[in-house]
Structures are given as C-alpha cells and as structure tokens.
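Quick one: structure below, then a few questions.
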Amino acid sequence: MDKSINLSVNIAGVPFKNPVIAASGTFGFGEEYNELYDVGCLGGICSKGLTLHPKDGNEGIRVWETASGMMNSVGLQNPGVEYFIANDIPLMRRFGNVLIANMGGHSLEDYVTGASMLSAADIDMLELNISCPNVKSGGMAFGIKADVAHDVVKEVRAVCKKPLIVKLSPNAENILEMAKACEDAGADALSLVNTFQAMAIDIRKRKPVFNNVYAGLSGAAIKPIALRMVHSVCKQVHVPVIGIGGIYTAEDVLEFMMAGASAVQIGTVNFNDPLAGKNVLEDLSALCRREGIVDINEIKGIC
Amino acid sequence: MDKSINLSVNIAGVPFKNPVIAASGTFGFGEEYNELYDVGCLGGICSKGLTLHPKDGNEGIRVWETASGMMNSVGLQNPGVEYFIANDIPLMRRFGNVLIANMGGHSLEDYVTGASMLSAADIDMLELNISCPNVKSGGMAFGIKADVAHDVVKEVRAVCKKPLIVKLSPNAENILEMAKACEDAGADALSLVNTFQAMAIDIRKRKPVFNNVYAGLSGAAIKPIALRMVHSVCKQVHVPVIGIGGIYTAEDVLEFMMAGASAVQIGTVNFNDPLAGKNVLEDLSALCRREGIVDINEIKGIC
Amino acid sequence: MRYFDSKVLDNQQVAEDIFVLRVERNGAEAKAGQFYMLKSWDKELTLMRPISVFKAEKDELWFMYRLVGKGTQILSLLEKGASIKLLGPCGNGYPCEKLSGKVAVVGGGLGVPPLCETSKQLTHAGVTVDAYLGFRDVLFGVEDFEPWCDSIFVSTEKGEEGYKGFVTDLLKPEGYDCVITCGPEIMMRKVAAMCAEADVPCYCSLEHRMACGIGACLGCSIRTQNGMKRVCKDGPVFLSTDLLWNS
Amino acid sequence: MRYFDSKVLDNQQVAEDIFVLRVERNGAEAKAGQFYMLKSWDKELTLMRPISVFKAEKDELWFMYRLVGKGTQILSLLEKGASIKLLGPCGNGYPCEKLSGKVAVVGGGLGVPPLCETSKQLTHAGVTVDAYLGFRDVLFGVEDFEPWCDSIFVSTEKGEEGYKGFVTDLLKPEGYDCVITCGPEIMMRKVAAMCAEADVPCYCSLEHRMACGIGACLGCSIRTQNGMKRVCKDGPVFLSTDLLWNS
C-alpha cells in the first residue's frame, strides 16, 4: 500500500484508517476471513446482525444466486447481545480496527435494551439496522415509514453512548424523508443501503425459493440504485453517510465517495473473492495514485 | 413451435397469441427488429413511449452498461401522437399482433388529450406510462404518489375507449397502494415495472455519466425485485398484470406468470440478443412441454 | 484454509454430464469428506461452487462433478492449463483416523466421489472398507474404489448395471463398526434409520446452498440436536444422531 | 441487416492494446464506414459492441479494435475457431460510389481502421485517395492503406514516427473533391472547419454509446441540423454541415 496517499477518514468523530468496512452479515465477526488475511487492514468491521435475544434465523434455503447478485434470507441468526459482548467483542478487538456492532430488533423495547447494553460494552460504534426485510414479526416496518424510524432512532439515541449509525433500507417509502427523519432523531451517521426486497421462484417445484417468499437482494446488480440513493441522501443530510450496495472494486469505492459517502461497506463481494477486503484496499491506493488523489477526502461529494 | 401447447392469453378482453410482448422504448415501432425476424410472432408490441407533442429527448450519453443490466436516459424522444397515428400505426398493423400504444406525459392535460387521440385511432390497447424517471418536468411525480396516479388514471379512463393498461414505476413510494389506486381509478390492467432510478459516475471525469444525473436501470439485475413487486401486486388487485423487468428467458417468463402475471414484456434482452423475442417464444413452448404445462394459463399465480 | 490460484491439469467427461477435474494441489490439505469452493470466473457469477474432494493425490486434487447449471457448465469447459481459484479445504470431513474395524461407505449419485478419497484414507487408517454405490442409470467412479475396498456393491434404479433398485436394499449395517454415507437426503435418511436400528454409528455428509463456504455468512445453517450448525464449517459431516433432517 | 453466428479465423495483437480480428464473412455485406455489433459472450455483458469494418475480404470480415474495457477484453481473448455473433451491417457508410476525383481520408487513432476499407472502395470506384493518419505514439494499420492510396501522411503526437504533431497540420482540403474523416471528435471538428473554409464537402463518422445498434432504442440519437438522428442507423456517417457537434 502506498503510504503517500491518505486513505484515512473520520465518521462522527471515529477515525478509520481507510474507508473500507466489512458489511454486516457477510463477514461473521471477522474470524473466518482473518484466516485468509489480516482483516485488521480494513477500516472497520460491522458485526453480524445482533438481536437482544439469540435467534436461530430462517428455515429452508437461505442464499440464492441471481444475475450479478444474490438473495439471502438468513433471518438474523445470531447469538444475542449478551453472548456477543462476552465472547465476540474480545476476539474482534484483536483486529485493531473500528468495531461496529450491528443490531436489529423486533420491538422498540428490544432495540432500546440491546442498544444500551451494546453501547456500554467495548464497541466503537453502533449500527442500527432498521431495515432487515427477513424477519416477519416487525423488522420491516421500522425501515419503511419515516415516522416509525424516527421514534426508534430517538429512543435508541437517548440510551446510546457511542456514535450511532442508522442503516437504511432501500425499501423505505421515501429514502430522503427516511434519512432526514433519522438525522433529526439524532443519528450521528447513516449507512445505506441494506438489501432490496426481492423474490425468486423455482419453476420446477412451482414454489418460491425461500420459505419466507421474499428475501433480500444484494451485490453488483443493485449498485446503480444504491449509488443513486446515497447521492440523493448525501445532498440532503449533514451527517456523514456510509455507502453500501454492490461495491466490488476500488472504482466502486470512488464512485460512492464522489457521490458523497464518507466511507463504504463491502458485503457480497466477500463471497465472490474471499480476499476482496484486502484487494479492494490495495487497488484503491493504486487507483488514487493514478487519478491524482492525494487524500481520499478530496473527492468526497464532488458529484 | 409446439402447436399442442396453448400459449394464448387474454388481457382485459384482448386476445394475445402468446404472453410475450415487446417492451416500450426497446423495440422502436417494430420495424427494425422486423428486419431480423417476423415480429408478428410476438403476442404484441408496445410502441416507443409517445407524448402528445414530439420530443427530442435528452442530451449527452443515453445508454450505459451496468452489471447484468443497463441504464438509459433517452428522455422519451418520439415523433408525437399525431405523427404516430398517421405514420407508425399503419406500419405496425402489418405485423398482425396486438398493438399497444405507450404514452407518457408532462401534465394531466397532455395525458388526457394524447389518450383521447390514441384511443380513437387504430390501436388495441393504451399503456399509460406514469413512471418515466427521465423527464425532469413532471414525469416522475405521477408514478410516485398513489393519489396523484389515481387522478391521472381516472381522467384518462374517462376519455379512453380502448382497454387501458397503467404501467407502474418501481420507484413508487408504495407499489401496492399505487396498484390499488390505479385499479380503483379504472385501469383495465397493470404493467410493471418500469426502470429503477439509478446513477453512474465516471470516476475519471469525476462527473455523473448522465446529464440528468439519474437514469433508469433495467435488465436482468432488476429481475428479482421486479418479480417481488409483480407477485405482491398480483395478490392485491383483480385486474390482469403484465410482468416486466429483466425477463431474458423462457424460465423468467414462467417465473413471472407463476407469480401471477398474465403476460410479460421483454425489453433490455432485445439488445443482448436481437432475436430474443423469437428465441424466448420457441424456448417457452419447449419449456412448457418439459414441465408438463399444456395451457400456460394453468400456472398463472400458483406461487 | 487457503484461497489460492491453481492450474487445471485435466478436465475429462467421464459419463453423461459427469466430469473429472484435476488441478494442481499446491500443498493444500484435503481430509476425506472435505470440499473446496471453486471458481474459474471473475464476477460473471457471484458465488464460488462447493465441490468435494474426489481424490487427493500427491500433487493433485481431483474433483468429480455433474454439470447442472451455470457454474458447473463453466467448469466443464475448462481446458488444461486454465486458471482456477480454490478456497479450502472447507468443512470438517470424516473422522477416518478415529475409526477402526470394518466400515461401510454408502454413496448415491454425486455422493459417490467423496467416498473414494474416504475409502482411501480409511484404508490408510487400517480400516476395512465395503462400498455401496447407488446410481440412477450410468455408473461413474466405481473402478476408483477398487484399490481401497474389500467389496463393492453397485445398484441402478432400473438395473442397467448391478443390483436393480436402491443401494440401501443391499446394506446390512449390523456387520459394520460404522457407516459413512453421502448422497441424496432421502437415501441418507434411510441409511441413518437402518443404522439407528442396528445401533451402528453413522456419519452423513450434507449439502446446502452456500455463499461464503467458510462459516461467515450463515447461509448454510441447519437446525440440529445441538442447535444451529453451519454445514460449511461445522459440517458437512454430521453424526446421524445429531441431525433433525428438517427439510 | 442480419444477425448471425460466425467463427473466428484469427485474432492477433498488432500493437500495444490493438488487435485485428478476422471472422468468417458468411456472405454478409459491408460498405465502407459501416460497422457491426459484435458479441462473443452470452449474458455476462448486456450489450453488443460496435466495431467498424476494417477490411471486407472475399470470405472474411476484419475488425481492428483497441482493448479498452470488458467487452474488448473478452474479444481480445478469442482464439481461432471460437464462435462470435455479428449483427449488421449497421449504419449508412460512406457514399464511395457517389464520389469522384481526389479524396482525402483523415483518420485519428481507432478512426484509422475503417478508412482502410473506405480507401479500397474509393479506389474501386475510380477515386484517387490520399490518406492522412494520426496516431498518439505507435502506428497501426498504415501498411494496409498502401495498395489503395496515392500518398500516405502519418503523424504522431511526439514525433515517434512521421510528422510530429497533429495530422490536421498536414491536410490541405483545397486539393480534394471531398474529405472523409473518422477519429476523435476534436480532430473531426478541426477537419470539418478546414473543409468548410475551403468549401470542400466533408463526411464525418461519429461514435456514440449504443444499445441496439439498429435504430430501435434511440440510445445513440444526436441533435443535427435536420433534427434528431440515430448514429447507428442514420449515421454513423454525416455530412459535416449537418452536424451540430453538440457534445
């Protein structure tokens, strides 16, 4: 990596050594990919999506490949906040980068309790997932209507002592109103997008592929839509924005940052290239050099 | 083609010899593709998007390839309703299949005037595009809010003597409310989806690719989202639905029909395979045979 | 666990739809029953494809696969010298080193190939192996079991070769210290039930759609007697008594 | 206009990033200045790629292309015998048959190859041709002009070969009955301006992003003196006086 190029960014007061963060749910707690490369080289890691209580997740097929993307219906399988704090945080801490706990929930109470527990633990930031489209009971609603989101963010904000990122769903009725509502309610940063609600049918079985019928679409396929959403949100809010959605390459990172993102998360690409985190970072500094970018923050929002 | 399999469908009283229709804006008025194969073999053809008055469309780059898809910002370039009626309808009539005039607009008045002119002409159906995301002045708004859509559909319905298809935008705030509003307002059928609002950035130029900044995403990339929207709309409305969005293969046609669509439109795939219309049809009858489908209407909505 | 570039040494069609791919091993490990995530594309397909180790030769890894969809289609077109990426070895594999006495390996369809390396490793561990191999119509890979097995029983559904019917009709678990099975779930369930009855331990190798292949995405989790388990990491091999067969 | 399968006869790298692809012609037509939409992929890329006819030989079509992105990368890897799909001939082409006397063809970069077939067809139409060919640093295709041209003038930006500077510095439109140009817009605008001054008719060949390539999608429309025109169907060749150079 080229040391003469500054890749470090700052989000809501938290310094990142570079803008490439592993996206929640695609990177476990970092352990597995750390067998392949030092995941501490990433700017940060978002934990898999936590809920207050442990969850088994969904039955049936959970992942399905689509054209330039994939669908998932993992359904927030996770060990619960308490187990995470006791067991996973210490392991994640060894990586030496920014530790972001990602949390979803089914009820306002769970969100608030979970957030206050997590924010008291040794994490750097909390990312509130108000968007997971997989959990039937609730889940969805928080991420669709701006006023509902406002309420949950406000309550969580009140108990959260760590910088709070709110992760938006592209299924929101109005992504701009949603972003503004979350900002108003006290979000220190926004991240977007989560997966798009989508469907696949197994024509031989004449049945939906997923038990839950719908599942979340991610990957390169969604990048152009995600980029549009990030761009329009960045023009409307004052808090920093983390771009997510089909980011596979260093070029994609620059696109999202030119659209206004302060950093990005990479998800699905980890499955396509298990060294994606490392590779994107290496390419990013080479690309910056080629494009004459000395400090990556220079190009932020120039589009 | 296998004559023992019934592919014919009926939409709002109009018989189609098969459920594969060329999508608006991707097929001109049929002339060009007719040089490559007899486009009369298709169930029907949607004309390129018309407006009351002729339009030059957008400046700058108009098409851009993306992962498993493309973006376009044609901006409804068209010769206007009057020219279309005088010159293109007679040519399209030679094909002998269902002639659907697709019409967009910038104002309620234009919609109403255009629709009454078209519905008096020799077309089989009118497809009202309330969704084109490319035209800055208006266009978008009609397709976003259900109440606005309701008004325009109602007024058009009042003057339209032909079966009226309303084409929905996936950018609608709530696709179900939108569908129901259009049904309530008198749509005889719905077609969905139009393109997704999306963005691309040329990182070398550090500028958006499109002069209008945002453009419409289509192609295989969007199929899983389109399928979900079609499925959920089909569960909510009683009028027939035409599925659109990334349909490339006979398998895709069956997926959309199993999700509840009465027919489909193919757009972007025509660029990937100029014989797509013919090929999808041939494959469809082979696929039906393989899957033991004697009448394609059997599998409609079984998911 | 490594992610590395390898070269195709050979890629032969051995039966209708069935191919054997040989790649440079590059020192990679391979316990019987483990698998690799493969890809020979860049981003045209999103995911890598899980394929079991058919044979682990000194400098080569062999995979036997059926052409079923886009990924295996691309694999099937690979020519000698082509590049291919491997992620692995993935999964736990069969505990060959812990077994002794007489073991039956029971394979069906594409569950057959992984049992070849398994038979070899069992033999090396001093175990006597009988193979029960079931096919739909055409046999593949059977001769590869010969060096490692005492007896080989073969069946086809319509009796084109060997016994006519299911391979489970031939199996008598009572005679074995352990049964190892890989194949369609319906077959493995039957084998597991027979072993339960006979009180013989039975290891099953599961399949599940996978995204990461290394335990990070929870795309392949299944419910077991001991809670949720990842087929790619905690499996693919499970004791039959741990399974719930929840599909 | 046909859409047909063809076979690659040869695909050679002729300079850094520059390749010449030869495919079976299968009786397809090819007027000078026309192009084909090519693809040698299935659905991995959405769109076909427009490439001009470099040479139309009896049984072969030749294309000269620069490796710039994903599509041309895939093309560059094609080997003899590979399948490729062609849609064309697309566009209007140069009106070679209507010209007479002395014509200058002025090409820059990848605008050079289409002028080779053009020079040939002009020669066959009894026209005398001079070629003005501008390159950045490395020459390609120049020798292919020799059979068809009276004089060939070559330039490179830093003078590595031929004249140092732009090829437009060498051109004097006054001496010609018509000028035909293909290359970067900035060059063609200059040529057009010089021709306008000298009152010599000038044909320009435009490039634009294309989806269908046959006039159906309006993805390549440009504003001209005569209204909106499709580069793929109404062009790519336009009289310079019809153009607005609106980019």
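So that you can tell them apart, the chains are marked A, B, C and D in the order they are listed, and the count of residues begins at 1 in each.
Note that in this section a residue touches a chain if its C-beta (ideal position, glycine included) is under 8 Å from a C-beta of that chain, and two chains touch if they have at least 3 such contacts.
Note that the coordinates shown come from a computational prediction; the quantities given were computed from them, not determined experimentally.
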item	value
Shortest path length from chain A to chain D (each step joins two touching chains)	2
Centroid-based (C-alpha) most distant chain relative to chain A	D
Mean-CA-position distance for chain D and chain B (Å)	35
Chain centre separation in whole Å, for chain C relative to chain B (CA means)	47
Averaged-CA centre spacing for the pair chain D and chain C, given as whole angstrom	55
Multi-partner residues of chain C (at least 2 other chains)	43
Overlap residues in chain B, where contacts from two or more other chains coincide	66-69, 219-220
Chain-level touch network, classified as line, ring, star, complete or other	line
Inter-chain touch pairs (all)	A-B, A-C, B-D
In the complex, chain C residues that touch chain A	1-3, 39, 43, 45-48, 87, 209-212, 214-221, 223, 227-228, 233, 246-247
Contact footprint of chain C on chain A as seen in their complex	25-28, 31-33, 35-36, 48, 56-57, 59-66, 68-70, 72, 74, 77, 219-220, 248, 268, 270-272, 274-275
Contact footprint of chain B on chain A as seen in their complex	66-69, 71, 173-174, 196-201, 203-204, 206-208, 213-214, 217, 219-225, 227-228, 231, 246, 251, 254-255, 258-259, 291, 299, 302-303
